[in-house]
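Two complexes are shown next, each including subunit A; its partner changes from subunit B in the first to subunit C in the second.
Entry: the complex of A and B
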């Protein structure tokens, strides 16, 4: 039943997408609006196909239908309900169902939003592009990543359940969907960018139509990345939250290019500049989501040669190549129209700052992409297995991050076109004092080292600048001073600054040690006293939990544990974290020695300001919500200062009088 | 076709109706105060609309010619419509040319000096990043990822170091001593990290010492002696921390044998619990025992 239902869903989605591409494409080429309008039905059918496939998979997981191979490989009767539900996105094939479902959802949302403009070629080509993406993902499900393969379970069969790491914290139920809502959400602005290139309407119209979609996708991706870091911190037990591993880098790359786009698009809206750059950024963002999926899902992490043996790897990299080549081709074709009249008048202007910001974000993305792909290239070329360590990423990204903080302080107070030194002095004096105050405060409370103290200073400077903008906006507009893209953006800036401060503190002042303790024994570390009280063993449905009870500074007991899963005989540690606003004490169990006076070896990691990472993430999400709400009504194409001043051409060439 | 305003094909009717509004866009408007073209008029979307209007009117003219040839339009209507379409198509074409000329005039000259500087900067960043990534790339230890690294606990670091030592020995066998040295260095770093986390970890101390001795064996004798001294220090520390740890005793006995310290070697050999060591180590111990016994008898 579930197999048949799932296969029906995949077939329906694939057929609707293929027919949609043919019909809408034909309608657009032959200028038949009646055919183009049929896209709404195809969109609904694609979504229905994705929904049916997801429903069938969830039903199979919940009913433990082991005739579905995916359930036999990843499900278990012992898996608790929440993790059982989340198993759908715990492995490759199921995650493609989630991708297709979300893509179908976005497709329907676009059709509903633009229901009165379906015959508009811009919207038509955008839907055509989205339908092509649907063909690819439903095609994956019909072929190399088929989640509805059959299996004949022997009597009494029970599956191994999902990877134990995926059933150790409820965050796993939310992190992938958020990430996918972000990844897939970028399909919408990408599709409109392609439509703009095809129709030649490369002005600002398509930007206005998609800017809220881009913000929403970016917001989801932000939340997804923050949740992923939080999950890493709460589950993996290594005392950190960001290790620059390829999976993290894969999610961070589109975030960087997406963030660059959100800034540079303002320059195009206001000044008509950076058209090629903006389209390139959007296409790069979408392409990087596919590249990221290839990196994480093709088996290339095991060996660069592994992906060639899996058809999913070849399919993903081919789709990535298609996106890159078609985008470059289209941009080349429309190159002349994309060139902007005018140029940036002064580097000391809002657009100058945005350009600098974009250069930095592009460099940031390049550095990470290079570091991530370098080991693959080396292995492919001479079979050497190398690893690019954390120092490379830290050395390269730290100066970029600090410069971005500085720009975050300067850019919001800069006017468009040009600024005078007098104006800058007037607008930056208080933020600068706040920055200096932050540095002094940081030194007083014990911060040492040039880089972290500088980071605190720049953070204070940037926070002062963002606070000033919010204060001015609320004074002028009341509560509306918090909403709208510019004002919400300042709240997002505050979130980024909080995260930057927490990152600087937690990475600069981390302290870590291991202790072997017997019951009743205590240890002092980094100003904290740990007392080991004893052990507690709990039997749960899917695992045996061996907890180590430890009091930290008299609070607790905190209970890091080793979990022995019934299926697979894997032992996974679960850390326990005591969080305060000043620091976190994270405990993880390394070893529990049997028969040796109950002694245990634990790892203790003390890091300052960790909780502010998650608070900062929340502020960013809230700021994105505020930015999505419409602010004061104003045509974004209207001039913001002086009209475009143009010298008459000295030698008129071909101008008809 | 009966009247110029109400008759003709549907395409021509639509063209007439549209002409009233579309022709308004026919030329770039000027800003009333500065005389500069308005930004909205330079929008590529407006140009596309003008091009569509031009194409539409040119198609209508072709239709008209066809209908006239077929006798579906009388001569008076034909002339009137042809003049109207031609005039409007010409206006659209002029407007397109005006816009293109204006855009061309407004477009800044390419500043080759600035382009060259930008290219040099981009090249510098790319080469610099490439060089740095090359410098920071190291042999991937067993279990290590492509990039980055989570902080390992001491047990994992020791495993990683042992893996790197194995790789280094394989490189030595293959005759690639430079690669082997790099791998040994990485192993030493991993042991140091383990000792930083857990300063009394005898396994890390012992095997760090043994790696130093292994490096000494493939080094110039004068440098090798320095490495052996360091190796001895780590082994001494390990035995001082846990005198029952056999691996440290075995390795120190080998170093003592190599240095001709037969009595000291015998003390360590006697302290080894033969049940607590793996088979390959048993063979090493027996070899050293034989050497010590042979020396004492001679």
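Entry: the complex of A and C
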């Protein structure tokens, strides 16, 4: 029943997508608006197909229908309801269903939003492009990543349940959907970029039409990445939250190019410049989401998060190549229209700062991409093995991060066109003192070392600038000073700064140690006292939990544990973290000695300011919401740029080269 | 002296910034050269084990992994630190034992050097490209507004004042 329903959903989605591509494409080429307008029905059917597939899979999981192979492989009667529900995205085939469902959702949302312009070729070609992406993902489900393969379970069969790591923390229910909402969301601006290239309407129309979509996708991606790092902090138990692991990098890469795009697009909106660059950034972002899926799902790279390996690697990498080649081809074809006449007057201007931002973000993305794929390249070229890990990424990205913080301090106060040193002197002095203040504070509370203290100073400087902009905007516009793209963007900046400070503090001042304790014994570490009280064994439906009870500075007891899952012989540790606003003490059990006097080996990780990573993430999400909210419409007569110089040109203007 | 501090004099205008720079340099030198506790043996063990890959697991360092092999290496590193070996000696010991891929920081020799050099090259190219476009832009003659242009703008502003949303499709002005 579930098998048939699921297969019907996949078939419906695939058929609707294929027919939609044909109909809409034919209608666009033959100029038949009536056919192009049919896209709305195909979109609805694609979404319905995705929904039916997802519904069938959830129904199969919830009823433990082991005739579906996916459920037999990943489900279990013992898995608690929440994790059972989340199992749909716990392995490859199911996660493609989630992808297709979200893609169908975005498709319908685009149709609804642009319902009055469906016959407009720009919207038509955008929907055409989205339908092609739908064909690919539904095609994956129909072929190499079929989630609805049959299985005939023997009597009394019970599945192994999802990977133990994936049923250890409720964040598992939220992190993947958020990440996918971000990944898939970039399909919309990408489709409009392709449509702009095909129709030749490469002006600013498509940018304005999609800017909110981009922002929303970016916001989801941000939240998804932060929830992911929170999950790994709470689950993996090594005391860290970001390991520059290939899978983490895969989600971070489109975030970097997407962030670069959100900034450089402002230059195009205001000045009509950087058209090729913006289209390239957007297409790169979308292509990187596919490349990221390939890295995550093909098993080519070693990763702690690679929960599945499969044969869909070829399909994904071919789709990636298709995107890259067609984008490059289209940009080349439209090269003449993409040239823009404008110029940027001075490097010391808002647009100059955005260009610098883009160079830095591109360099950042390049370092991550290189570091992630380098082992693969070396092995292919040289048949040699090499590892690129945390020390490399921390060392290479640190100068880029510091420069970005500095830019974040300067850029918000710069006017368009041109700024003078006088103006900067005037506008930046208070932010600079805030930066000095935060350095003094850091040194007083005991921070040492050039890099972290410099980071705190630059963070304070940047926060001062963002705060200045918000204060000025609220003074002028009241509560509306918080909403709109520019103001919301400043709130996002504050969130980024909070995260950067927390990252700098926690990586610079992390202390880690292992202790072997017998009951009643205590240990002192990094200013904290730990007392081991004893053990507590709990029997849960899917696992046996062996808790180690520890008091930290008299609070608790905190209970890191080892979990033995009934199905499978893996033992998974669950850390326990005591968070305060100043530091986190994370405990994880390394070993419990059986039989002997109950001695245990625990790992203690003390890191400052960790909680601010999650708070900063919340501020970023909130800022994105504020930015999506329509801001005050700018009075067209208000000056936004420095005035044009009025002196006549020194010599008669020559011929433009 | 009085002219130095007169209103509008460079010293008066830039004085606060000079103070900012002086204070910043002061604090940063305290932060850099000030007394701080030397890393304990335990800190060194955790730093070194974060840069050595776990030989049996995927994508984790010895510090992160709970595999028996990693626990053994951690114990061994602690011993080596106790014996007074330097961080580099300990790392090269493991590189010799398990191969270069055991180190999470690629060496800066041979083909591996590329991973360090390429980002710098790419960044230099990015900066150079910026310099070149700014050169080109600054050698371009400034655009002068003609009377036709002014008329166009006046009309557009009048239209906008009548009906802010005269551009329902958000197409913007064609350029």
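Simple rule for what comes next: the second predicted complex is superposed on the first by the 622 of 657 C-alpha atoms of A that agree within 3 Å, B and C clash if a C-alpha of one lies under 4 Å from a C-alpha of the other, contacts with A are read in each partner's own complex, and residues count from 1 in each chain.
Definition applied: contacts are C-beta pairs under 8 Å (C-beta built on N, C-alpha and C of every residue); 3 or more make two chains touch, one makes a residue touch a chain.
Just so it is clear, the structure is predicted and the values come from calculations on it, not from any experiment.
Aligning the shared subunit A places subunit B and subunit C in steric conflict.
When the two structures are aligned on the shared chain, A:371 is found in touch with subunit B and with subunit C.
By the touch criterion defined above, A:203 lies against subunit B and subunit C together after alignment on the C-alpha atoms of chain A. In the superposition on chain A, A:238 makes contact with both subunit B and subunit C.
Between subunit B and subunit C, the partner in contact with more residues of subunit A is C.
Look at A:590: by the touch rule set out above, it reaches both subunit B and subunit C. Contact with neither subunit B nor subunit C is seen for A:504 once the two complexes are overlaid on the shared chain.
Once chain A of one complex is fitted onto chain A of the other, the partner contacts of A:391 extend to both subunit B and subunit C.
Shared-chain residue A:272: touches subunit B and subunit C both. By the touch criterion stated above, A:246 is placed in contact with subunit B and with subunit C alike.
When the two complexes are overlaid on their common chain A, residue A:512 makes contact with subunit B and with subunit C alike. The clash between subunit B and subunit C in the superposition falls on 147-155, which is one of the stretches 3-11, 75-83, 147-155 or 255-263. Shared contact residues of subunit A, touching subunit B in one structure and subunit C in the other: 201, 203-205, 236, 238-240, 243, 245-246, 272, 301, 340-341, 343, 363, 366-367, 370-371, 374-375, 378, 384-392, 395-396, 512-514, 590-591, 637, 645, 649, 653-654, 656.
Of all residues in subunit A, only 117, 120, 201, 203-205, 208-209, 236-240, 243, 245-246, 269, 272, 301-304, 306, 340-341, 343-345, 347, 352, 355-356, 359, 362-363, 366-367, 370-371, 374-375, 378, 381-382, 384-392, 395-396, 422, 425, 429, 432-433, 435-436, 439-440, 442-443, 447-450, 452-454, 457, 510-514, 573, 590-591, 633, 636-637, 645, 649, 653-654, 656-657 touch subunit C in the complex they form. Looking at the complex, you find that subunit C touches subunit A at residues 13-14, 16-17, 20, 23-24, 27-28, 30-32, 34, 36, 42-43, 46, 50-51, 53, 57-61, 63-66, 71, 74, 99-106, 111-112, 114-116, 118-119, 122-123, 126-127, 129-130, 133-134, 137-144, 157, 160-161, 164, 169-175. Those residues of subunit A that touch subunit B in the complex are listed here as 199-205, 236, 238-240, 243-246, 248-249, 272, 301, 337-343, 363, 366-367, 370-372, 374-376, 378, 384-393, 395-396, 512-514, 588, 590-591, 603, 605, 637, 639, 643-646, 648-649, 652-656. Note for the complex: subunit B touches subunit A at residues 31, 33-34, 36-40, 42-48, 51, 94, 97-98, 101-108, 125-126, 129-130, 132-141, 144-155, 197-198.
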